[in-house]
Amino acid sequence: MNPMKIIFRIGYIVAIGLASLCLNSCRNQSLEGMVVFTRVPAGNFDIHGKAIAHKYKGAQIVAINPDKPGVPEIILTPDFYSACSPDISYDAKHLLFTAQQKENDSWQVWEMNLENKTSKKITHFEESCYGPAYLPGGRLVFSRQMPETGTGPVHALYTMDLDGSNVSQITFQPHFDYTTTVLHDGRILMLTKQLFPQPGDMMYMAIRPNGTKTELFYKGPGSSILNNQVYETGDGFVYFIEWENGNPNSGDIISINQNRPLFTKVNLTSGITGSFYSVLPRQSGGMLVSYRPSDAGPVGLYSFSVEDKSLGAPIYKQPGYYVIEPVLVEAFTRPKNLPDDTNPEKSTGLLLCQDINVIAQPDDAGLSDNAKATKVEVLGIDKSMGIVPVEDDGSFYLKVIADTPIRFQTLDKDGNILYGPSGWIWIRPFERRGCVGCHQDPELAPNNVVPLSVKKPPVSIPVEDSYETEQSPTIKSLNKNEKE
Amino acid sequence: MKPKIQALLFFIFAILFSVLDVNGQEHKMNYGKTPDDMIPYGRFQKAYINFFDKPQAFTGAGREKAPPTDLTEVRIGFLGPLEGSAMVPQGIQMLQGATLAVDEANKKGGYNGLPFKIMPHNDVGLWGAAANEVVKMDDEKVWAFLGSIDGINTHVALRVTFKLEIPMVNTGDPDPTLTETRIPWVIRCISDDRQSSYALVNYIYRKKGHSRVAVLRVDSRYGRVGILEFKDAVLRIGYPLVLEVRYAEGDTDFTTQIQRMIDSSPDAIVLWGNAKETALIIKQIRKMGMKQPIFGSDRLMSPELLKIAGKDAEGLVTTCQYNPTLNDSALQAFNKNYYDKYGMEPDVFAAHAYDGMNIIIDAIHKVGLNRVLIRDVLTDLKTFQGYKGVTGKIIFDASWNDIGSIWMAEVRDGKFVFFPPSPLTYDKPANNKSTSE
Amino acid sequence: MKKNKKLFFILGGLVIISLLIISVHKVSRLHVNYMTAVDDHPLNCISCHVYTQKDGIVAKLINEDYLSPFNMAVSPDGSKLYVIAQDGDALLVVDTQTNKVTGKIAVGERPHSVAIKSDGNTAFVSNQWADNVYEIDLSLLKVVDTLKTGSGPAELAFSPDKKFLYVVDSYSSEVSIIDLQTKTEIKRLVAGNNPVAAVFSPDGSQAYVTSRRTLPMPFETPPITELTVIDAATQMVKERKMFDNAYLMENVAFTPSGDMAIATLIRPKNLIPSIQVEKGWMMTHGIGIIEQGNEGRVIQLLTDEPNAYYPDPFDIVITPDGQKAFISHSGADVITVIDLNAIRTLLAESTQKKLDYYSNHLGISSRYVLKRIPTGANPKGLVLSPDGKNLYVAERLEDRIAVISTENLETIKTINLNGPSRITVARKGRRLFNNAGHTFQYQYACYTCHPDSHEDGLVYNMAGADMGRNLANTRSLRDIGDTPPYKWNGKNSSIYKQDGMRFSTVLTRTEAFDYDELDALVAYIVTGIKNPPNLRYNPSGHLTEAQKRGKKIYYRTHTNYGEEIPVYNQCATCHPPPYFTNKQMTDVGTLSETDDPMLLDVPHLNNIYESPPYLHDGRAATLEELWTKFNNDDKHGVANDMKKDELNDLVEYLKSLRDAKYYKNDPEYH
Amino acid sequence: MKTTIQKFAAGAKIFSLIILGGCFLGFTTDVNKSDLEVPATKSIKTDIKKELGVMPVYGNWKTFTKEDGLPADKAFCVRIDGERVLVGTNAGLAVYENNEWKTYTVEDGLAHSGVISIDVSELTGDIWIGTLGGLTRWSAGRFYTFTQFNSGLPNDVIYSVVCDGKDVWVATGGGAGHYDTYTEEWGIYTERNAPMHEPWTYGVCAGGNKIWIAAWGGGVIEYNPKTKGFRDYTDPDGEMEIDLFPDDGVVHNITTGVSYADDILWVGTYFGLSRYDGTHWKGYFDHDSGLISNFINFVKADGSVVWLCTDLGLSSFDGDTWVSYQKDKNSKKGKILITNDSGLKEVDAPTSISHNFVSGVDIQGDNIWLATSKGVCRGEKLK
């Protein structure tokens, strides 16, 4: 080898090293205590909050120091065409976000090292992935757009290790599912909206990171629109933005109590005109909110006092940009790392319903015999999976094919539909799920009795032969509508 | 219906009090056919009161109760050793005998078209007792029941029978005290140990002229109560036993007891126990050199004894409550039908159970489905007095004990040969003080 | 060459040593992996081999003698607080002005409650493990008399005329009535199962006695726990109020007007397959109310919330104005404040049917829970100052009393009882054991199903692979350190493994204990849970005649018929002293159709009389039933040859079995 | 055919009446009916009073049957408990309170619907109920059942139960049982550990610091709780079919009941009555005393008076005078038979006991209650 070449090469390497050192030292500016948010070009923003996934063209993730107004912002994602949905790791050293490198790329999840600002692509799907969030145990959860199967733009939640391995789909329903936050108890709080057979309302559901035990967490009145960014504070409050009854001009800050989320709603900003888009409670107290005072003008970052229910001065506001999804670069308590009781080698899970006839707030008369359901029908996406008679105590016990969306409807003794179809559910492999009833008060604990149905082996779903032959009236009409 | 029953009752009453033949017995005799010289304290003292001169009436209510209208079968209880007892083979024979009677009755149309049904119960439930089984029978609504063999279990059953008021027919327990409780709900259709004892005493002492008798008996209620009458009788005629030794149920080595017998130098031996142990005893007696004649209780009349004791059993004399070889058409028909149905020879328990069950069925036919009326007819000392069954003629005394004829059997050429015992002598009824004047 | 040789030896030695180290390491790794069922445990030998020392110098060094304040009473003038130190076997006198402990009177073993006479001069202290009550002269701070009671005396109550002392006998399930003039017990009345608390109604006409365990119920039927009503005039039980589907009714209080009596309780879900914690599927906690009007209506209401549970409610006190009730949740380190007027309104507007519905409702508590006040570890006894202004809270595992203002509902101060300042590993474990923080949404603590670290008398549907299968009778945790394996199916070779990852997956359903926590928990379970003395059946070691006969049967080798009993089927083969278990797995013919095929762990039998029901699935309500009902084939020992009186003798002997220490050095048992 | 039977019936009636009349003639004295007719008031004619001495006489009988709310007509036993009366029938426990009957059965927690013995603990008020299927403790509304399977109870058929302080004793066919309510220990006494031939026991009572057990076939067993020692009292003649001497011991070994009061033990049998004062035995029979029948179902001593429930009516005796109560089969009216040194007096009464087959009796204050084969009845003390 030519000595010159060798010297040149060494020089080159040293130069690069020095350059990168220099660059690094520039980049290694600590973000501790700063606020990171998404800055969306005004024209690309969904001002009515209807889009569940945030995938704004040209959006950038930006950091500012809220205590030092006037100090210019740092753009963290200059190398990306668009970047959204920042999520800070528990030690505040990393950041997850979703981005497209070039204009026509799909959106994928990236992780940024906040010390050196370098990013690493984590998801490698053909379809886009949105809304990442850290999970305990070195994993993350995100929403993936599913290949089209005729049930609409279905998005499902996935989890994987931070190195991209051990990918696992955890939701299986014709819905748009999206992660909002991970609750302190370790469950994922998912924003979800039914797509098939007809569009449903938005609601928050809590779900274990292995996709089991999904339950309703919160739903607003009517067709309220819910924001995809939720925060739980250390004292047990949960904050988010709700467009009550779908009113597009009034996104309000809502607080609910995590102990009793369904019935503790407080609208903190009903007295404030304008619309809110994001809320970020700070550990030190107070809040940062994305707010737009009127129909015109940008969405800026403001401080907000919960006690006074009043807005402070704008912290960051830039014409032509909407500022949303603020997060704090600040270490916080890791949620509980919930154990996984599913078994990927199994193909079924079990479902127990204690009493199909339990109803919310019974009157003293109780249900008449005619109003009592004696059978339950399990419906798949496009076919009935069988009709199962319930036991005398109203219980039924099913072995359900795993990771398959199903719905239920209750039938009386003559086969007439009493209630239903219900919303979609699915059972994970080896999951064992229980419910008190089909349409009971969601705050009702089960009565302590041995359900008659568990005295026998479970009924397998789909019931043999019923898959094709026993087509229920519901499915028939469904198929007919589709054809039309 | 009512005047009819009343008539019947008053008639029975009248009969009991007025008819000359007070006890329905063929001849006026001492209680239990006891020979005069064997009357308790007969030589020294007249008893202040004799208890069993008259039958005990049942004065309780219940005769007016109408039969149920929703029956699909007529249930009759059965209590016997069916598991967990050394007597299970006998219990099964008893059940088969009873079942044969029921089957025959059902072939003839049952009771007004309703079939009879046996409700079998083991007489000693684990951790329980016969009493609990009788309570279960009451829950099953039986009209009467048959049972059992063991003296303890039968007594326990009898006691609760009185509370429950279920007529009880016993065909297998020879314990004399069973009918001496005065509970007016039981009749016995098999001769008791008192009759066996008297026959043996008569035979051993009077006919064979022995005077020094040693007894080896099983240490159970059967052995203890059975030998009691024998012991009392020989004492009263002046020949107290020279020795009474015992062994436990299930024992196989009797050397000690036999040596004690040798030491007591008897001129005859009486064995009171179950066939199996007694057969071993006989072998060991002969092996140890005793040549004395051997006599024994009713349970020894068994193929099992012949099989085990073999040649050593030759000359053994026992009592038996009936003669299975008697040339009687009913008996032989029973023997045949039984063999055809069960593939085995009936034993004494089967034959008596057959008779007992037939008596129950007859009683139901006569008075209908009312336990008190069934009791009344079973105990009226008239309807079934002198009943001719396959086991012979049944004669009830005032305590409803069967004091009909007994048989004796001797082993000759490896077979039991039956013969009637010599008659006991009676002078005149002794000791006439009775419960009411 | 020589040098080489030397080098060779040195090298060789090094190789051997390193090989040794490696192999020791390897062996240790294997051992630890086996015992813990994980492969990443830090090979910390202390974890299992030091903290679990039960006696000896090491045990002395690593442990402390804590006080553990439990129940309390306040002097009539409010100047003194009398605190039972449950582990300190003492009655502490606290000056409420100076917040200082001013006196300490040694009392009997495991004191439970203290009652102060209205003149303030005399205290009575129940000694739960000594079966007596001490009379204490408070001016002299001296025990002046000992009153004999039934077994396990717990709460004390004076009759309204102050002539009688009612003593709740928690172990023998009775109430002893003691004539305070003659100092003798005049009678015992049957109470509920494991009664603990007694209180007289404000008008003095009746006493309410709550109990902890369910009455004996048929297999697979819900628990029912009794509140016993004693008529003060006749001194007889007047009525027995039944609380369906509830148990562990630790304490009860009347409102000053007497319109309600409120007891703490737990509503367990033992009959439902234990497939999830969410939505109250395992345990719920609340109160039982008896209305004075409405024909004495019995109501149960929860104090839980849909996503937050407040386990192990222990004590309850009601303010003199009848407006507020305070409940100590010993499993959540919280005092719940209840608005009694809100309760009154709810009761007034609701039919019984509605109230029955509410008894399972997790949201209804919003209507009457005013506040949750956090406390130190394991709040137990509560007492109000006579003026009702201060609430004293015994923080048992803190050796501390918290003082809460009943007006602004804040903790205003704490009183240190001067226990050891060091928190030992076992103490930390005991806190973990008692606290529900390691269960999803705080729904239950270890203590909930293992009250007093014993067992709760319930059979749980633990739902192995399928639901409705593999019922499991809760087992006592007393002195189990030397009786591995654990679980009825014997799958866990150590307590470490028992409480490890799988435990969190199927039982607590939240993050597993970390290794430090596991160390602590295991240390507590192995060293800190003792058998109470068997004062009922074997106080002195001298067996009764029946027990002696029973012992002969226990050790017999031949049946009554003289047949030899095979060694494997003799009692003492599987149940040898000192623990009366051979620590093996076996089949005694007791598996039912709903059990997966398996062998069962041979249970230890020390203090077995305290643990009904029996068998792995709790089918046998009494010891007798083991043989009268579930041993038809003589597989669980040969017994069917026995007479009933022999069985009685055997049962009497089994009841005499006590702590293993009594058998370890007894030559008769070897 | 029918007329023949009726004629026959009538004939038989007359015939048996003659026979019966003949029987009575033998021991009834000539009485002036008009003098002795007891009016339906609560008083007795003074001339009878003389005869009676201190013996109480009861009348104004009121009968309760199924029609009045009893679960069954067949009653086994009766026990007065303060303001209420407990009756054991073959269809459950009937409780009479505030003029109403209420029935408790297996559904309520009773061991078995055949209730054959009852006692009340003076100490705790608990009711102990002996049934054909176990022993039930009924305590302030809660039923707890002991059976031969779930406890040390000797056998499920409880012929007799008695509370003695904290101890409960039962007589069963599987032996006498002793339950210490404090220690919850069961003791069983049978032929294996007590001087009995067989385990069958039929009655048990407490008195004189002793427990007395009627051992069916074994006479009377005395148990001394202090010394834990036993003693047996059997019929010295040892024979079932006779009683050799009436006063040499218990009249028969088949004993059906024991009762102790005023330092006297009374023993009922199906063969007569025995009295034991601690030194001497005395026997009483229907032919030599005012005892109405030798067949004694139940015996109950109350102070100086003993009550004998027989198959022919109720007898009472205070050591001097016998008073017996019968129902006249024909007139359905009552009959009072008074026997003392001066012979027998028979008095008609407007009301009668419910049935002559009497199984149980209890007395409290001015009230007496009987359990009979057909109904329960209550009598009032006549003054």
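List of remarks:
Chains here go by letter, A, B, C and D, matching the order in which they are written, and residues are numbered from 1 within each.
Throughout what follows, a residue touches a chain if its C-beta (ideal position, glycine included) is under 8 Å from a C-beta of that chain, and two chains touch if they have at least 3 such contacts.
Just so you know, these numbers come straight off a predicted model, no measurement behind them.
Each step here moves to a touching chain, and the least such steps from subunit A to subunit D number 2. Note: the chain lying farthest from subunit C is B, by mean C-alpha position.
The central chain of the assembly on a C-alpha centroid basis is C.
Annotation: 42 Å between the Cα-based centres of subunit A and subunit C. Chain geometry summary: the mean Cα position of subunit B and that of subunit D are 32 Å apart.
Once the centre of each chain is set as its mean CA position, subunit C and subunit D turn out to be 50 Å apart. Centre to centre, using the average C-alpha position, subunit B and subunit C are separated by 61 Å. Counting partners per residue, subunit D has 148-149, 155, 174 as the residues that reach two or more other chains.
Along subunit A, no residue makes contact with two or more other chains. Subunit B has residues 127 in contact with two or more other chains. Pairwise, the chains that make contact are A-C, B-C, B-D, C-D. Residues 84, 126-127, 250 of subunit B are the ones that touch subunit C when the two sit in their complex.
Interface residues of subunit B facing subunit D in the complex, by the touch rule stated above, are 3-4, 6-7, 10-11, 13-14, 17-18, 31-32, 40-41, 45, 47-52, 56-62, 127-132, 135, 138, 152, 155-156, 159-160, 163-164, 176-177, 180-183, 221, 431, 435-437. Subunit C makes touch with subunit A in their complex at residues 220, 222-223, 245, 267-273, 275-276, 278-281, 284, 302, 305-308, 351, 353-354, 357, 360-363, 366, 440-441, 461, 463, 466-468, 501, 504-506, 509-512.
Interface of subunit C with subunit D (complex): residues 150, 172, 174, 187-190, 215-216, 226, 228-229, 234, 236-240, 536-537, 544, 546, 621-622, 624-625, 628-629, 643-645, 647-648, 651-652. Interface residues of subunit C, counted against subunit B in their complex, comprise 561-562, 627-628, 632, 640, 644, 647.
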